[in-house]
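Right after this note come the structures.
Each of the next two complexes has subunit A plus one more chain, namely subunit B in the first and subunit C in the second.
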Partner chain A sequence: MAYSEKVIDHYENPRNVGAMDKDDSGVGTGMVGAPACGDVMRLQIKVNEQGIIEDAKFKTYGCGSAIASSSLVTEWVKGKTLDEAMTIKNSHIAEELELPPVKIHCSVLAEDAIKAAVEDYRSKQGAGHSHAEVAAAQVAH
Partner chain B sequence: MAEVCIQCGAELNAPPALCHSCGAIQPFRAELSLFGVVGLPESYDLNLQELRSQVLQLQKILHPDRFARADATTRRFSLEWSTRLNEALAVLRDPLKRADYLLQRQEIDALGEQVKVADPSLLMTQMMYRERLEDVLAARDQNGLDQLRGEVEDASSKAVNKLHILLKKLPCEQVDEAGSVLRELQFLDKLLGEIDRGEESLQNL
Partner chain C sequence: MNQPQIIDLESKKPLLIDPDRPIYLDYQATTPVDPQVLEQMLPYLTHDFGNAASRSHAYGWTAEKAVEKARQQVADALHADPREIVWTSGATEATNLALKGAAHFYSGKGKHIITLRTEHKATLDTCRQLEREGFEVTYLEVQEDGLLDLKAFEAAIRPDTIIASVLFVNNEIGVIQPMEEIGRILRTHKVLFHVDAVQALGKIPVDVEAIQADMMSVSGHKIYGPKGIGALYVRRKPRVRVEAQVHGGGHERGMRSGTLPTHQIVGMGAAAELAVQLMDADAQRIGKLRDRLLKGIQDRVEETYINGSMEHRVPHNLNISFAFVEGESLIMALKEIAVSSGSACTSASLEPSYVLRALGKSDELAHSSIRFGIGRFTTEAEIDATIELIAGKVGKLRELSPLWEMHLEGIDLNSIQWAAH
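Then we have the complex of A and B:
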């Protein structure tokens, strides 16, 4: 099976590899894994006071398609609102990367990871003061 | 109703591929489980030596090479039994595949391609192992690699022990729990494969 040029490009030059502080209230972390291939994916977003995703990082251990899918998603979500990020579908990822049918599950993993990251961020905000409130309070002091 | 030999009519005992009275090869029975083909009771707790010797003994008699001059039907039976016996040995001797097979017998697909894991502590541990592997390989740290392998092997045996408990009574009643332990074992198994590949790359450079 041959990888598409886009997959190879993301695989060889992955965008936004790295980690953010998962305890930061402005950071949402999504982790998912696929036991069938042993893939583990972590996707993190940094959300600003306006609710815009201003940065995204990922770390994926898995095949080229899984790495490319998560790399692409970090590029796509930057500058998006949380609601916009939630509309990303695995079919968009698979189409953009020209994934063959046997690799579609890698794009599903990336979709799950971004959703999990948004949910993690929202649950953190719901649990305490919203990020915007905390930021406003800090500015006030 | 007991199955009888197609040649002499004697009642067939397990394993049912061969008649115990006249030795005739019997029609292949696709409905038999992998345990049934080998003639062992369905259980997670399997004596691997017994499994291996049983399969080898049957293969000696059933192997298609021995039936090269037999009629087409007999040749087909031999090929079918022999193929299924190979499959039985490959699946049943592996603690991961054996557990997966037993759950599949209960129509539970714990390791399918569509199955995803979201358990944060499991994923966190796997991520941490992978990061350590990356670090020790970058540092060409053989001791670090050996230590990591030891920890992953320990974690694997712990998972297998848990499966022994969960699958002691069949059909398994705690299928969710067994499925999640199985998925953990699958991750560890893949990781050990990566550790092997890493070890090779350290030695080849």
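Then we have the complex of A and C:
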């Protein structure tokens, strides 16, 4: 499998690897995928009082393209509002990383992870800071 | 330790230890031609180029003599008679000839064939073809350690069973099937026994009499001989008949036509003789390297799982799954080591190794498996470098893995309702 230089760069030097407190009301967590399918992505965003994503962290179990896609979106969502983050499409990710057709699903998963993280944050806000379960933040894709 | 090496003839430097190339640990995929073998092959490409079928001049006689010497060498390696050896283009063709050839010849007696789910694709795909032609095939399950359950095997034999085909040593997990017991059962029930001995020859003793094999496929390039050459053993007493699959000239007593590739045959003969000569020394040295590799990995990496029996296994193979890391990223991380993975992630639909699945391994563990194939030219330094790489890279990927984090937190991954993919 020939990977683009960008995929290899993100794979070898992944940005923003880590975890945040998923019970923090200012943190949104999105976990998508399934181990049996070979990809699980967890994206976490920290949203400030102005509604701006000020930090993002990820951990991914998956192929090089999946790791690169999630690493890339942590860079992209930082500094964006939630609505702006929701406009990131898998096609942008696939284009930026020059993903081959068989790896498009990795970019789809990364887009889903953003949506799941934003939805988790919003549900926490709307539900009066209730603790959302990690599993509840998953979306089918 | 007296370590065999492949030396460049001009520079006198070892050819296989090259800092610019990955460490080669894929000896079950293929092996380099041993220089001693190559030396014997070369004259037959240039000076002694005759056609072994030319009966009327010395060029043909020289080629024929070389072919017959090689036939004797391969026969000796299998404890067979040279008249029982048929040259083919490789073991895949040998297996095709054995199964299709015997199935076609004996189809009047019955149309049932028995094989295992963990066989090589050469056997499985040939059986699929025979099913399309109206034969019926039983694909037997194996036990968790990869070994055949002899009772289940015997129970699968029917009055119309004509052939059973069993892989002596599994190419992915290196387990050795109980061939003598299988041979005894089949002989009692008068069922023909085809053995795929590709991964056994040169690694453990192979004796067609001891295991009562009726047909046996072997290959040149797995025993430090050239690619493109193999052989099928076909028993003479009691006589086993196979229908030719390749026609044109009636070579190989009508069983396989086509001009014989003298240089490759010479290479396979020399390689077979050398493989038997070096078998004990190779196995002892390679076994030490394998144990060193296994201990090194187990000392440094938690949550590893060995695939297949360690007791009934050739020392040349180690197959390990690394939990909580994904197979393709593992292979990508291990680009400095040439190994095979249980994961065929070249397409969007991930297809984990059918052999590991047959052992009852989960998709995740099948995906994250690595086959280490150790061979004649593997060095201790290469093994030590491999241990370092594995420990470092698996550690790095686990740092990245949300599943590993959950495992450390004591969360049972099976308790989570994962979204459909």
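By our rule, the second predicted complex is superposed on the first by the 124 of 141 C-alpha atoms of A that agree within 3 Å, B and C clash if a C-alpha of one lies under 4 Å from a C-alpha of the other, contacts with A are read in each partner's own complex, and residues count from 1 in each chain.
Convention: a residue touches a chain if its C-beta (ideal position, glycine included) is under 8 Å from a C-beta of that chain, and two chains touch if they have at least 3 such contacts.
As the structure is a computational prediction, the values presented were derived from the model and not from experiment.
More residues of subunit A are touched by C (comparison of subunit B with subunit C). In the superposition on chain A, A:105 makes contact with both subunit B and subunit C. Touch criterion met: A:36 reaches subunit B and subunit C at once.
Look at A:11: by the touch rule set out above, it reaches subunit C but stays clear of subunit B. In the superposed model, A:122 makes contact with neither subunit B nor subunit C. When the shared chain is aligned, subunit C comes close enough to touch A:63, but subunit B does not.
With the contact threshold set out at the top, residues 31-38, 40, 42, 59, 61, 105 of subunit A are in contact with subunit B in one structure and with subunit C in the other.
Contact residues on subunit A toward subunit B in their complex (touch as defined above): 31-38, 40, 42, 59, 61, 105, 108-109, 112, 116. Against subunit A, the residues of subunit B that register as touching in their complex are 110-118, 120, 122-124, 126-127, 130-131, 183, 186-187, 189-191, 193-194. By the touch rule above, subunit C contacts subunit A in their complex via residues 324-329, 332, 343, 345-348, 350, 362-364, 367, 399-405, 413, 416-421. Against subunit C, the residues of subunit A that register as touching in their complex are 1, 3, 11, 14, 17, 19, 31-42, 59-64, 66-67, 101-105, 135, 138-141.
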